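Before we start, here is the structure in question, set down as structure tokens.
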Amino acid sequence: MTSASPRETTEGAVYTVTGGDWDEVARAAAKSDDERIVVNMGPQHPSTHGVLRLILEIDGETVTEARCGIGYLHTGIEKNLEYRTWTQGTTFVTRMDYLTSFFNETAYCLAVEKLLGIEDEVPDRATVIRVLLMELNRLSSHLVAIATGGMELGATTIMIYGFRDRELILDIYELITGLRMNHAYIRPGGLALDLPPGAVDQVREFVKKMKKNLPEYDKLATGNPVFKGRMQDIGYLDLAGCMALGVTGPILRSTGLPHDLRKAQPYCGYETYDFEVPTAETCDAYGRFLIRLEEMRQSLRIVEQCLDRLAPGPVMVADKKIAWPAQLALGPDGLGNSLDHIKNIMGTSMEALIHHFKLVTEGFRVPPGQAYVAVESPKGELGVHVVSDGGTRPFRVHYREPSFTNLQAMAAMCEGAQVADVIVAVASIDPVMGGVDR
Amino acid sequence: MSDAHSDDDKTPKTTADKAAETTADKTAPVKAAPDKTPSEKASDQPPSARTPNGVNPEKDLSASNLPGQRGDQGEEIRVQHGMFGANNGGDTSGYGGLVRSIRLPGEAVRPYGGWFDEVADELEGALEEQDLLPENAITKTVVDRGELTFHIEREHLVRVARTLRDDPALRFELCTGVSGVHYPGDKGRELHAVYHLRSITHNRLIRLEVSAPDADPHVPSLVSVYPTNDWHERETYDFFGIVFDGHPALTRIMMPDDWQGFPQRKDYPLGGIPVEYKGAQIPAPDQRRSYS
Amino acid sequence: MGLEEKLPSGFLLTTVEQAAGWVRKSSVFPATFGLACCAIEMMTTGAGRYDLARFGMEVFRGSPRQADLMIVAGRVSQKMAPVLRQVYDQMPNPKWVISMGVCASSGGMFNNYAIVQGVDHVIPVDIYLPGCPPRPEMLMDAILKLHHKIQTSKLGVNAEEAAREAEEAALKALPTIEMKGLLR
């Protein structure tokens, strides 16, 4: 089972341990006066936030060099998109960063709408529901960030609390989209279907409950000396470092720069909502935690404003050459075409059937060109670069994932720190490997 | 840029800037008119202007007005034959003889509108100060859909990027990485590297585009200017085989180290397997009959 | 109160097989093998509302050496497959595998160059759980079905015979492409 014989390289002795016998390695390491060891953490490790591989060079307890190995969840989604129609694309992009599904979908749809030139024709109701869902999504993503971050520190209670509140949001998702995760609800031109009856009431109920629950995180963690001891001054990255490494989101805002695309380059009508961009001056993991908490409060404010301005109306563009032909409806067996629509295409109108068939199987064509649309996801700037060659399928879709870009800062945050602080630093970046690797 | 503008006072932005941006949307010369379908265009007109069959005779129904066409300016990236993707078997549709060229939006002429001119002037001026003729570095400027794109000669990319970052009037501090695009039909410039630069100071976003032939897939690395491009360039190398000269450690990042080929190029198959189910075999998505 | 009061004379006759199966199924230790979206649902299953502790398996082991159930939760990439196999090899026998979600079971919608088209190309799978991602209830259902399988699994010579029978049945089974009939 074990094979721990040393192999001499230019770097020194290399031991490959695959079995359980560490004695030989330990003895050999004790013999050499070199204290440096390289430890491979992951890609399967309970504290690495998914299938992230950390390669740490350790001198005693101090990390002298830290590197990331990624790609263990590379799914080829960008390539897959090139073989599906523009509408089918939402089904794939929602699975990239699976904790921020609605942001992926919205960014993609905004880019497609920009290519089509129909940004102004998307109905108001669809935009308001998009904002509503995105802000709920920001809550659920931050809840997971705080929950898993707490769990990696050893604070299991925070994890239980975070997932408890996330369940409430997932119930809303399920009511509105039919799915707990991976929704594909936002489509180019609008939404797949309107809000079901009772959704607004349930969201209001949730806001009330969440306002009661959010202070519990403050009580549990914010003033907790152990929590502060583990997080304060850990994972330090200042503004210059953030700019050089392209880091955005809560990490950038923890340096005191209130850069938020919702304010700087508003999309989906964010300029009409009343909210604040929280910042911290500490540049550390604790500041990022506080920012996430405060952003959740601000998101609740936006959710309330969305509920107030929801006016009845269509949720899909009027252009029948783009809008999905079927009137989708939730039946007892799940989401499907509405019975009225089936009656129409199967019994009444041959043209409607042809139109339905063409649009569903072939899809719509998008004029050639390229577009870049960025939204502020819970992790930072989520950019989508979409290229069309005039066909019914994307020519190229590239996601500028904040997780991917921010994870590069891991080395800058960890080198020179203790091994235990690596976990805190990575948790404060909040990378989601589905987004990093796509 | 986005049509909506923030009232945010935290990011530095003058009212003049805002006014300029608003006009940018109105005056951008290549603002896409052909995005609408002909039927829609016809319905925009008063009823008297339309013939009984719904076609407006005054409206030019040339190729540029049809969906999926943007006139004959711009670079040709592909020539499409027929209407359907399948080319095995006989042509039963009757549309097999159709030939049309696919063109991306072409070069824009001055004025570009709004702050686009300001950025272009500043960039040209700053390059001239460095004894570099702007027309040697910037091969083409495209304004499309409210976005400004500079096509840069690859040997001058680093200098242009450094100028864009350091010039106080430009200040594009944040690079959002590189996206590779493979145009197999664009002979001699098959591989494109697309960079989006964001200026937080001036609240602007521009795009740089560099191309390289497939036979010589080298583009200078921007890591020395924007360290964030480290992983982004490794990713683009991994997927498209664009070699970024000067990158500190250009290795594969997503695929296993011993992987053969560059999987997101157009000539690399999707790699799916046929799915079998009860007597039926469904080919992989890239093997199926398709429309485009 | 419990089992002991129902026994007339204080002792119970059973087979070693059943006793071992009962003991094994009551304390399954899952290894964390969260990969993608399904991992989040797996964590949800362990958290408050669904409370996997009811089935004696809330403790997810960080080390494969202390685990006997691997829940492969998510898409397995070509790069991850060797790691997956190594972790599986490190688990002590007896061990079981749940392939959670359609990506792990068959590659799912990601029929492309990057994803292994079914984790059963790499390790043997006991339970295939469909869904994208499966609901926590579905994961619990899969776990309960696995409990039943563990309870009824054979020991010693019986196990060898069961393995031989299973192999013969598999050899005789009709390939999917030759199956005919309704889509069922």
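Think of it as A, B and C in the order they're written, each chain with its own count starting at 1.
In this section, a residue touches a chain if its C-beta (ideal position, glycine included) is under 8 Å from a C-beta of that chain, and two chains touch if they have at least 3 such contacts.
Just so we're on the same page, UniProt names per chain: A = NADH-quinone oxidoreductase subunit D; B = NADH-quinone oxidoreductase subunit C; C = NADH-quinone oxidoreductase subunit B.
Owing to the predicted nature of the structure, the values given are computational and were not obtained by experimental measurement.
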What topology does the chain contact graph adopt: line, ring, star, complete, or other?
complete
Where are there more C-beta contacts: A-C or B-C?
A-C
Taking each chain's centre as its mean C-alpha position, how far apart are subunit A and subunit B in Å?
25
Roughly how far is subunit A from subunit C, going centre to centre by Cα mean, in whole Å?
29
Just the number, please: Cα centre separation of subunit B and subunit C in whole Å.
47
Shared-interface residues of subunit B (touching two or more other chains) are 254-256, 263, 270-271, 285
Which residues of subunit C are in contact with two or more other chains?
79, 111-114
Two or more other chains touching the same residue: where does that happen in subunit A?
71, 74, 76, 79-80, 437
How about subunit C: which of its residues touch subunit A in the complex?
32-37, 39-41, 43-44, 47-49, 60, 62, 65, 74-75, 77, 79-80, 83-84, 86-87, 109-115, 132-133, 135
If you look only at subunit B, which of its residues touch subunit A in the complex?
1-8, 10-11, 32, 34-37, 39-40, 67-70, 77-78, 102-105, 144-147, 149, 173-177, 179-182, 194, 196, 198, 200, 203, 205, 207, 226-232, 235, 239, 252-256, 263-264, 270-271, 285-286, 290-292
Listed in rising order, the residues of subunit A that touch subunit B in the complex are 70-71, 74, 76, 78-80, 82-84, 114-120, 243-248, 257-259, 263-267, 269-271, 277, 319, 321, 361-363, 365-372, 374, 381, 383, 385, 387, 389-393, 395-396, 398, 400, 404-405, 407-408, 437
In the complex, subunit C touches subunit B at residues 78-79, 107, 111-114, 117, 175-181, 183
So in the complex, which bits of subunit A are touching subunit C?
18, 20, 43-47, 50-51, 71-77, 79-80, 91-92, 95, 98-99, 144, 148, 159-160, 163-164, 166-167, 170, 180-182, 433-434, 437
